[in-house]
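First up is the structure itself, then whatever we jot down about it.
We call the chains A, B, C and D, going by the order they appear; numbering starts again at 1 in every chain.
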Amino acid sequence: MTTTKQAPVAVAADHGGREAARARARALTSLISRNGAVAVLVIVVLAGTLLVSSFGKPDNLRNVALAASFIGIIAAGMTFVIISGGIDLSVGSTYALATIISAMYAPRGSFIAVLYALLAAGLVGLIQGLIIARWRLPAFIVTLAGLTGVRGLVFYITHEGNDHPRIEGRLAFEALGTGSLATIGTPVWIMLAVFGIGWWALNRTPFGQSVQAVGGNQSAAELMGLPVKRTQTIVYVVSGLCAGLSGVLTTALSGGGQEARIGDAYELSAIAAVVIGGTLLSGGVGSMVGTLAGVLLLFVIQNLIVQGANLNSYVQQVVSGSFLLVVVILQAALSRRAGTSET
Amino acid sequence: ALLTACSTGSNSGSTTDDSSAAPVATALGSANAGGVPAAITAAGGTELLTRPKGEGVSAEYGPMCKGSDLGIGKIDFKKDTIGWAQSEKEANPFRIASTKSQIEAAKAKGWKLLTTNAQSNVQQENSDIKGMIDKGAKAIIFSPINSTGLGDAIAYAKSKKVAMIPVDRNITGVQGCKDVGPQLGSDFVEQGRRAADAMIKATGGKAKLAILLGASGVNVTDDRTAGFLDQLKAKNASGIEVVFQQTGDFTREKGKSVTETMLRAHPDVTAIYAENDEMGLGALAALDDAGKSGTDKVHIVSIDGTKGAVQAIVDGNFDAVIESNPAFGPASQAALEAYVNGDGAPAVTITTDNQYDSSNAAEALSSGKAY
Amino acid sequence: MTTLTASLKDRTVVSTWAREHGVYIALVLLIAFNAVATTNFLTVDTLQLLFSQVPPVIIVSLGMALVIGTGGVDLSVGATMAIASAVLAKFVVGGSPIGVAMAAAVVAGLLVGVFNGLVVAFARVQPIVATLGVLVAGRGIALVITGGALVELFVPFFKDVRLGKFLGVPYVMIVAALLAVGVSFLVRRTAFGYRLLAIGGNRRASVLAGLPVRRTLIVVYAISGTLAAVAGVIATARLRASDPSYIGLLMELSAITAVVVGGTSLNGGRVRILGTVTGAILIQLLETTLVSHNAPDSVARMVEAVIIIAAVYIQRPARSSR
Amino acid sequence: MTTPVTSPILKVTSASKRFAGVRALEDVSIELFPGEVHALVGENGAGKSTLIKLITGVYQLDSGSVQLRGEDVAFASPRSAQHAGIATIYQEVHLAPQLSVARNFFLGREPTRFGSLDLKKMNRDSAEALKRYGIVADVKRPLGELGLGIQQMVAIARAIESDAKVVIMDEPTSSLEPREVDLLLDLVGQLKAKDVAIVYVSHKLDEVFRACDTVTVLRDGKLVSTGPTKDLTRRQLIARMLGRDAAELDEGARTQLQRREIADAEPVLKAEHLNRRLILEDVSVVVRPGEVVGLAGLLGSGRSETAKAIFGALPLDSGDIAVDGRALTHQTPASRIRERVAMLPEDRKAEGIIPDMSIRDNIGLAALPQLTKAGLVSRKRVDDIVKTFMTRLRIKAAGPQQKVSELSGGNQQKVLLARLLCLNPRVLLLDEPTRGIDVGAKAEVQALIAELAEKGMAVVLISSELEEVVEGSDSVVVLRDGAQLGRLVGDDITEDKIMDLIADAASEQLEEAAK
């Protein structure tokens, strides 16, 4: 147009050090906001170690990690679902399905037992994913129906819960549950591996990009030409498989014999862990590391209640509920400080 | 193949493939050689003990377990702590009484007792038990959520040389004294049988019967159903026709709403078997609203022996209540003492359960036997 | 030619109509099924029973609908019912007149709601976890209040609550209907209703349009808590006992299902009250149907799942929106 | 000028589309040749975006057909259109704000190494590509943190870089500064040279005349004319768009903004020494009654931020804000609205409209307190107001009950304007008020601003069209990087002077940095 002088268009070029200061401030705040749960975890663990003598013992920490690994694996899958803008309430039932099937087919050998359990769990995820993606039905309701229906299926195959199939004798896959590496139980390593792979898939693969874009704004993702339906379907399969894996490990650890009602309300723990980890239920934003910290927080709190106090069951409930609230409020405050303010 | 797995998984070793309820139904009935019921064998009992039984004990099965066999050292109960792991919320009379009994017995002996509650979550119970062991508990008395499924905690206790005493529900699939210490339990199948007997007596063997099942997938439910139906068959009570079977989730509210609906579809029901007192009382509330309460209109038999239900007998609304005695505190702690410090305790002890009807209900209330 | 285009047009008209009225269609189908297949179904008694069982679900769902309208969700309703029930028992056992006891119970629910609202509005915690805290802690609180067990309540007034009828309609259903009308009025006619939907539609834009976002959120959760408490009182009266560990158990899921099956989107920004009420009735009737047919638990659950999906499928969003 | 000798690459034949109750497009045909830049113009709601969405499979045709390279196509989704070589920049930025700039740039076609994203390459290539479009930005930052203009540039770069044979741009320049517009048109030239066919939608007619070979005019969903741009004058084009005689247009001047005499009265708005760490640095805006103060600056210079700060939507570290001499303490939009300060947000999608609400409810929303008695909304008063504004601003819709999300972009903007105006404000903060608004309505809006100012209102105007700021403002505050560079008054307000100020500041900084 009429401009004679060359005005630089570059906006954020590093002039006068101001942009550098901004970048530093941003890096710090986003570090805190993305890792609010990690920060809270560190605080709680430190406080726990100082205040409750038996908490910090290696045995106890190992046990906390082991206990956390089952919900942890489920929560890893849930993270994908929630980042994609959905939710999966069916994981507790799917977990039960895999637990029972893997024990039921144990006589056919480890491979078949694990394979069938994972297939069943993956299939549950696939069906739900297809319904949600193709028919555009709300995930909350579809997976709520999944929660009910799959639990019904579990009752059905156990003859109204009469059977508690068990592994007789030793089977190879039991090592998945009972084994240990460097004194730490195999399920913990498996959970870490799942989180590692999950982190990679979310942040380092096109699929992960697609999950985040779909969750951020589904119609925008469609307009950008991303495979929205496929992505939505896959996240539920991933979630189903994670729940299934967790169920298989449960059978492996306990030798089977679980009740048909096992895994009741696990979805709430998993969702809580994911959300405490800083993932937004509205989708788009979330982190694997956060979820891991969220899961550990839940179990550390639970353990501290057992280790630190001798409470009756209802006071115990009050304490863990309040603890949960404090943690989420703290986490929200940390992330908000760093994130954009809304007034 | 599917069913092979099921049957090997359930309480008995029987391999009937046709009916899922069959393995449990035959559990206590089919005595093995030596007169030991299969369910007891599954819990590690191999022989019926003939030594004189203490009060409240209905049967004891050997071998005798000694803590030292598992390398468990003596416990100094004045200094060491022990743990009590409850399986479900202390929110119904049974669980409240069961925890209270442990706490009071420990207090009476001056023992230090840690307590936890797994809120019906098996994984939680595993980590509760392990948590108490990590906190230094030398022995754990626990009420298992399920007869199986606590393998992780049991293995951990074994590795830490901690004594494990299951109460009220037996741990099955174990070898006597090898995996856990002495077990003290009620016999839920037997409770079902006795309920059937009481029902036959109350109705004169002729009734249109509705069953309020306990929560689905819980083995107490299975046992009480199996025992009941089995006994009806065994007693040839073909006049009792089961027209309705629905879960009432062991709660009063569900017991009531299910009964309300049932009364619409089956107004001709003349008897109700409730697998716990709470559901029975819920059913009673529904009958009352419909103007049908009273044993002259609808018979009710339930299991547990709580005050409310025993009172209902006195009021003429229930026919009979089979007790499921939750007070394992003194007996289990005595067994623990014998197991670790004394000369052993039987692998499986079955406690005596009372039974109330119009003849003894008032007395049970006044003496405080009903909890 | 004209018939072809006409029928084409009809088809879209029919499908739009079905989408709008899915829940009513589903209810009619279920009633038709029962009329044919359930013994003693088409009687006044059956209707009366349904109308005495369904009000707690309806009342809780109304509050839930408002919360969902703001784009949130309230998982604490079941626990709030338990707290209200426990407070009621505490006052009755303490000798208070029943009116006072009921008022106290409702106030307790209100307080729980305000608390939820504060956490959501000020701490900006996501509603699902904010209310999850109360879901976990609430029953514990209720049990602490009652001292841990079920408390039997012998209150003559409860008999009226259970059995009283006006022109054959149970009192409790009349209460539910009046509340539904009230909530509907609130949403459609008041400034508060506008705000609530605006917040659900776009919270940030609402802030910039100068709406009192926080205050509105707190009031919405307070209403939800209050209604849950009312439901808790009715449930207690129905049972003649306060059973804090089980009263309202899983009510949050039933209520959410009722709201969504009734055609309200979980994304917020819209509320359908009549649909919600119908959704609640549908769910209750479904349960009743399965019980009267003596379906085993396993089958009942699977059927329930399929029917819920079918009910939302009828009203699935049209393909070419946006 | 290319004379298309080849056959059309894209051909739409008598496309029609209706939405519940609205006929959005009726019997429209266009042809697009390789190397052709084809402008699509028309009033707000004429059907331009609808036509584009029909081509790319967002909507399905009711009747008609689309041919690509002579073959019938019916894309089921934008994805398939993209695969077939049609790249589209839809109206309003459509990207993933939470992902980094680089990831957005490559979204859907990420380079991988051994299955892993090649982040190094992504960051490097996207930074380089953006530099070519004149944007230097930290490509690792979440896109959403950048200004809307930059986001739009990223979207454009993303689409153009994808090697498409057909590029469709729906109002690509609505948030861009003259500089970026120049750059973009340069790019269009380059694409054209590579025989890419381009559909270009814009309300800025200069651009149409500068860059487009062919222009198609739509009105009310119907095709009005199609032909070479050079055969038309600007006035003729406008006349066709509006469906009026060219003569009729003359009575309305091209731009309705003109400078007024400002009385030396007490300022209505006094916002002084606004500071916010790392965002704003000592910015002052003072507006007297009847004055229009423009904020000028480049993309990301902090203009929107200043407006938000005044409106209480951005917490300040320090600063004094007073209206009519009363100091404002509460930093919330609600309290500002009570003081009769109103703001039109820049990002109408994220911060403006409530998509699922009706036009009526969207307009009435902010004014609720005035329209309410004892908590009850007076339907009649709302209806009256809505009616007034819908006619006054010529909002094109099926009726006041239509959902705002179903409106065309320009009409949504008008709805937001209506929302503000019914507040009857003293201070009006307008962030890009004419963004995406058609020529007719733009004149209308500008006239409205002038009229409001005349009545003694204080107006702060932000516009990416420098021309609009220059012509319409009584004084201009120039910003750069969140700091105030200077203030121009009266005849000093020219585009050159503003650009000079900015350039000087930049070179100073560069010198400083060099030391």
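In this text, a contact is a pair of C-beta atoms (placed from the backbone, for glycine too) under 8 Å apart; a residue touches a chain by one contact, two chains touch by 3 or more.
Just so it is clear, the model here is predicted, and its values are computed rather than measured.
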Legend entry - Chain nearest the overall C-alpha centroid of the shown protein atoms: A
Legend entry - Whole-Å separation of chain centres (CA-atom averages), chain A against chain B: 36
Legend entry - Rounded Å distance, chain A centre to chain D centre (Cα mean): 40
Legend entry - chain A and chain C: spacing of chain centres that average the CA atoms, whole Å: 29
Legend entry - Junction residues of chain C - those touching two or more other chains: 143, 148, 204, 207, 296-298, 322
Legend entry - Residue numbers of chain B (touch at least two other chains): 89-91, 216
Inset, instruction - Identify all positions of chain D at which a residue touches two or more other chains, and write them in rising order. - result: 58, 313, 333
Inset, instruction - Give the pairs of chains that touch; include all such pairs. - result: A-B, A-C, A-D, B-C, C-D
Legend entry - chain C partner contacts - residues on chain A that touch it in the complex: 131, 135-138, 140-142, 144-146, 148-156, 160-161, 219, 268, 271-272, 275-276, 280-281, 312-322, 324-325, 328-329, 332-333, 336, 342-343
Inset, instruction - Under the touch definition given earlier, write down the residues of chain B that touch chain C in their complex. - result: 89-93, 96, 213, 216, 243-247, 249, 251-254, 256-258, 260-262, 264-265, 267, 278, 282, 285, 289, 308
Legend entry - Residues of chain D touching chain C in the complex: 20, 58-60, 311, 313, 333-334, 336-338, 343, 345, 350-357, 361, 364-366, 368-369, 371-372, 375-377, 405, 419
Inset, instruction - Report the residues of chain A in contact with chain B in the complex, numbered from low to high. - result: 54, 57, 59-60, 63-64, 66-67, 70, 103-108, 154-155, 157-166, 168, 177-178, 250, 253-262, 264-265, 299, 302-303, 306-307, 310-314, 316-317
Inset, instruction - Flag every residue of chain D that touches chain A in the complex, lowest number first. - result: 58, 77-79, 81-83, 88, 90, 94-99, 103, 107-108, 110, 112, 115-117, 119, 134-138, 141, 145, 147, 150, 178-180, 182-183, 277-278, 298-301, 312-315, 331-333, 481, 495-496, 499-500, 502-503, 506, 509-510, 512-513
